[in-house]
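Chain lettering (A, B and C) follows the sequence in which the chains are written, and residue indices restart at 1 in each chain.
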Amino acid sequence: MAEGSRPAEVRVPAPQGLTIDATLVAQGLLNGVLFGGVFSLMAVGLTLIFGVMRVVNFAHGDMMVWGMYLAWLMATRAGLDPYLGFVVCAAALFGLGFAVQRTLVQRIVDAPHEMQILLMLGVALVLENTALLVFGPEPQRVRSALAQSTVWLGPLFVDVARLIAFGVAALLAVLLWLFLFRTDLGRSIRAAADNAYGALVIGTDVRRVYAVAFGVGAACVGAAGALVSPLLPFQPPTGLQLSVASFNIVIIGGMGSLVGAFVGGVLVAVAESLGAVFLRPSLKELVSFSLLVLILLFRPAGIFGRRAP
Amino acid sequence: MTRVAVVAAVIVLVALPLAPSLFGSYAVTLFTLIFFYAFLGQAWNIVGGYAGQLSAGHAAFLGIGAYTAAVLSVEKGLTPWIGMFVGGALAALLGALVGFLGFRFGLRGFYFVLLTVAFAEICRIVASNTEAIGGAVGYYITFTGDPRQLQFQDARAYYYLALVLMLAVTALVGVLERGRFGVYLSAIREDESASEALGVDTFRYKMLAMVLSSFLTGIGGAFYAFYVFSLQPASVFGIPLSVEIIIRAIVGGAGTVLGPILGSFILSPLAELARYYFAQSGWHGAHLVVYGLLLIAVVLFLPEGAYPRLARLVRRRVAGAA
Amino acid sequence: MTQHALTRRTFLTTTVGGAALVAAPRVLRAQPKSFKIAAVHPVTGPLAEPGQACRLGAQLAVEAVNAAGGVKGKGGLQLELLTGDTQSKPENGRLESERLVNQGAQMLMGSFDSGSTAAMVSVAQQKRVPFLIDIAAADPITANVAKAVKDGQQKLQYVYRNFPTGSSFGRKAVQYFTEIFAEAKLTPKRVVLMYCNDLFGVNQSRGFLAAYKAAKPAWTLLEDDVIPWPEPPSDLSTEVSKLKALRPDVIAPITRPASAQLLLPEIRKQRVEYLGIVGPGSPGLYEAGQIAVLKDDLEYVMASNPWPNFRNPKTQRLAEDYQKRSNGRLFDTNSGYSYDAIFIIADVLERAAKLDDPDAIVEALQKTHYTGGLMQYGGPIHFNEVGDNPNAIPTMIQVLKSKPVAVWPKEAALQKFVFPRPKA
């Protein structure tokens, strides 16, 4: 390659020269599954917000970054481990979500789609740059005692931190399911999601329900942020990549479906991980986007979604 | 409304062309970017505003137009004045593909938005990994100032070029709006199922809107390449650029002829002012917080966009005066 | 973060001034009371961290020059820094430089990311404003201008760069690798290159691979098994699994701060065995913030980066000052090169025949032979036929006892390098 000039041939992505053996593939699979749990947690909050309100929350990733910064604050100032502190993050973001919904989103529920998008873009800008002002631009990561260890299954390694995040994500998904299907408030939320007019007719305070739904979705995102904060370095612009990943997962898994968010997260992470095994890793996101396109075309409701667009 | 029309005509035909000789080059650059983003916003407006098919991936078309014109100029010596149309054509091809997939498979609303985002991201990733066009390092254009290469030693030439682009596309949209095409697009935007039921070939008109929109955006991409002299996949195909394209049209009023122009004239100077205001302070990011609050304020207080509200105000004044 | 208070005066001047400035025609080039330099960096957006460091470095330098009496040869002329933010968007590179030139800036400086820098080049050439690039590594930025001048399409080159280019980074890195391995009496046969697939990472890796091919050293780089990842990454576990499967003896990473925070712990967790981590040159492997987050994972990691010359007592004093003003950050590559750029400009202004003629400034710039730089250079600062400084070179630094320290070449080293890394 000559200095400073571009080579004439197009380099087609090709498998690496190393031997791709069963161990590598198995490890890739395992990495994907575990990281998928983490991804799922992000998506659960979004699926609730969109499933109920049909609002495209472009500020989703930025809300999660704030959850991560809050976890970092608590870890550095109060010495609170994020695996315990995530409750506080969830509560704080519930408040943020509730407030955003009541003051902003509620007013544009019936507005044209482009206005909804514009609103959430504005919120995203404000969240990202307030984080920049307050916390500065350097990437941070939370140190947690639990996040340092690994467990070995023969030649395969398991990252304990991801295992825990996966477990807590599953637990939260179960709790959320219980909330939505076994409590009155949860049932109201689902009713409002399915048929807002009908819910109004039977006397549901739809506005309060929406605010709670948004708040709960934001709380999930806050918890996700806290649980992910030892795993993923974050800085104010990280919000965008998290938003895009979350949308991918929610569409693939199925909008409005908790199981879908979970399975979608695992699926996307596994797809990217295997993409990194078989291709140049810098192309791995291509796999998840291609998967997204295929789902959009052939099963837009997603794997577990019930409602077609 | 004639008084308004006269004022508008004066501005367009007299003041804007004269401005560069009166104003310094900073104002010229600022206006060039205002016109350019108004052009892009208007191109988006065709499919996003009038047809109501929100695309958040228009950077893909800009990027394709930009890279095509740039590569053809540097590698093959093809003048970008022709290269821009080749770029536009390739962008239109991608637009046709995205449109076909989206509309044939019945994707609407949020799902279509995400399809367009996915395609823009795919373009970005492929470009970042393609050595022949520079990969992630990007493609660099030598500054020669040669007009045959769509470059100008005097920045005022860019101003006029951008002004012409903006006026031309606005005139195009104005004509389309009044014609059958515009009527059909509005019907599709308001209620697609009903339009279908009434016999409108919604697929055909949406496709036409998409192809036209992407073609024009591709041409804009060529202008962009020869204005900033380097192309990086992350900026040229990136989501932030797609966002910049659509917010002007939305703020000004999507689906109106003057919306994108008004939106650009509102947002660009305000963004500049905010940046200038906070420039010497150590509060990095404050100007973007202000920008974000501005967008929120627009949505809350001008929910149809700036232009419709303005038009109503003017009408009321005129009616009141009559 | 340094926060300048928004005084009422600032408020008034900016609001009133702002309105007038947009419409005002170009400021006449009369004899100025201060010489205005425009420093354009990405202080917001994804490159905010280095961008803010650059700006602070430039501000400190301007204060230092003025405190020492300004440009003495021109009657003690003071320097004034006008700052701009590109947000890493190329068109803002144009817009901000235009704005600042309109406010009277007579020289440009910036702008870290090659996209915005290339956009500023067109402004510099169009408006004939000398432009000293403090940081940007893509080779074509200056090379293209030089070529245009040679081909007669431009009269004069206004763009100069005081920073290593991607190819010079690569050549030096290969040279240091060879020398260090030879000194340690080892010949690694499985050096694996891993890099972030963004502008910086790809530029660096290209330079490194090209230099390796040209030099044909005794050690072996696995050229067909490089591992690029998308930047910024969410997860590098599979990339590291691939690395492990390659059984490396030396790992050569090109990272950004965020990816370094993912990569290094992953290497440890997956128990990859290796002799040492030696980077061809990238951020993320030495900053104070990185050391605070990564702690032991960064110990013994080497990277070939442009580095301040800490043997110079002036540099040490400045580093302390910088740490205070930046709330604890280290004086390093970014702040350092912006700092030196201002001093080079001051030196140019001393020697320029006339300050109101950009061509006279360029003439002085071309004749630069400056030895007062605080960064580690391979010789006096001067500019070659392409406009680059061939003496802008990196230094191999190593994190030892949680502090980054120069370890190679010998004339720059403050401590001896540790390679291979000791077994834990």
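Throughout what follows, contacts are C-beta pairs under 8 Å (C-beta built on N, C-alpha and C of every residue); 3 or more make two chains touch, one makes a residue touch a chain.
The shown structure was predicted, so the numbers you read here are calculated from the model rather than taken from an experiment.
Chemist: Starting from the Cα centroid of chain B, hunt down the chain whose centroid lies farthest away.
Modeler: C
Chemist: Does B-C or A-C have more contacting C-beta pairs?
Modeler: When the contacts at B-C and A-C are counted, B-C has more.
Chemist: Using mean CA coordinates as chain centres, what's the gap between chain A and chain B in Å?
Modeler: Taking the mean C-alpha position of each chain, the two centres sit 30 Å apart.
Chemist: What whole-Å value do you get for the distance between chain A and chain C if each is reduced to the mean of its CA atoms?
Modeler: Taking the mean C-alpha position of each chain, the two centres sit 35 Å apart.
Chemist: Mark out which residues of chain C touch at least two other chains, giving numbers and ranges.
Modeler: Within chain C, residues 1, 44, 48, 52, 140, 166, 197, 206, 228, 230 contact more than one other chain.
Chemist: If you look at chain B, which of its residues touch at least two other chains?
Modeler: 125, 128-129, 240, 283-285, 288
Chemist: So which stretches of chain A touch two or more other chains?
Modeler: 129, 132, 137, 236, 280, 282-283, 285
Chemist: Okay, in this complex, where on chain C does chain B touch?
Modeler: Of all residues in chain C, those touching chain B are 1-4, 6, 10, 14-15, 18, 21-27, 43-44, 48, 52, 83-85, 87-91, 93-96, 98-99, 101-103, 114-115, 118-119, 121-123, 125-127, 138, 140-141, 144-145, 147-148, 151, 153-154, 166, 197-199, 201-203, 206, 228, 230.
Chemist: How about chain A: which of its residues touch chain B in the complex?
Modeler: Those residues of chain A that touch chain B are 6-11, 13, 50, 54, 56, 104, 107-108, 111-115, 117-119, 121-126, 128-130, 132-133, 137, 236, 240, 244, 247-248, 251, 280, 282-283, 285-286, 289-290, 292-293, 296-298, 300, 309.
Chemist: Any idea which chain B residues touch chain A in the complex?
Modeler: It comes out as residues 48-49, 54, 56, 101, 105-111, 113-115, 117-119, 121-122, 125-126, 128-134, 139, 239-240, 243, 246-247, 250-251, 254, 283-286, 288-289, 291-296, 298-300, 303.
Chemist: Across the complex, what residues on chain A touch chain C?
Modeler: 1-4, 16-19, 21, 23-24, 27-28, 31-32, 35, 39, 129, 132, 136-141, 143, 150, 157, 159, 232-238, 241-242, 245, 269, 272-273, 276-277, 280-285
Chemist: Where on chain C does chain A make contact in their complex?
Modeler: 1, 44-46, 48-49, 51-52, 139-140, 143, 165-167, 197, 206-207, 209-210, 213, 222, 224-225, 227-230, 232, 234-235, 237-239, 241-242, 245-246, 257-259, 261-262, 269-271, 287, 289, 293
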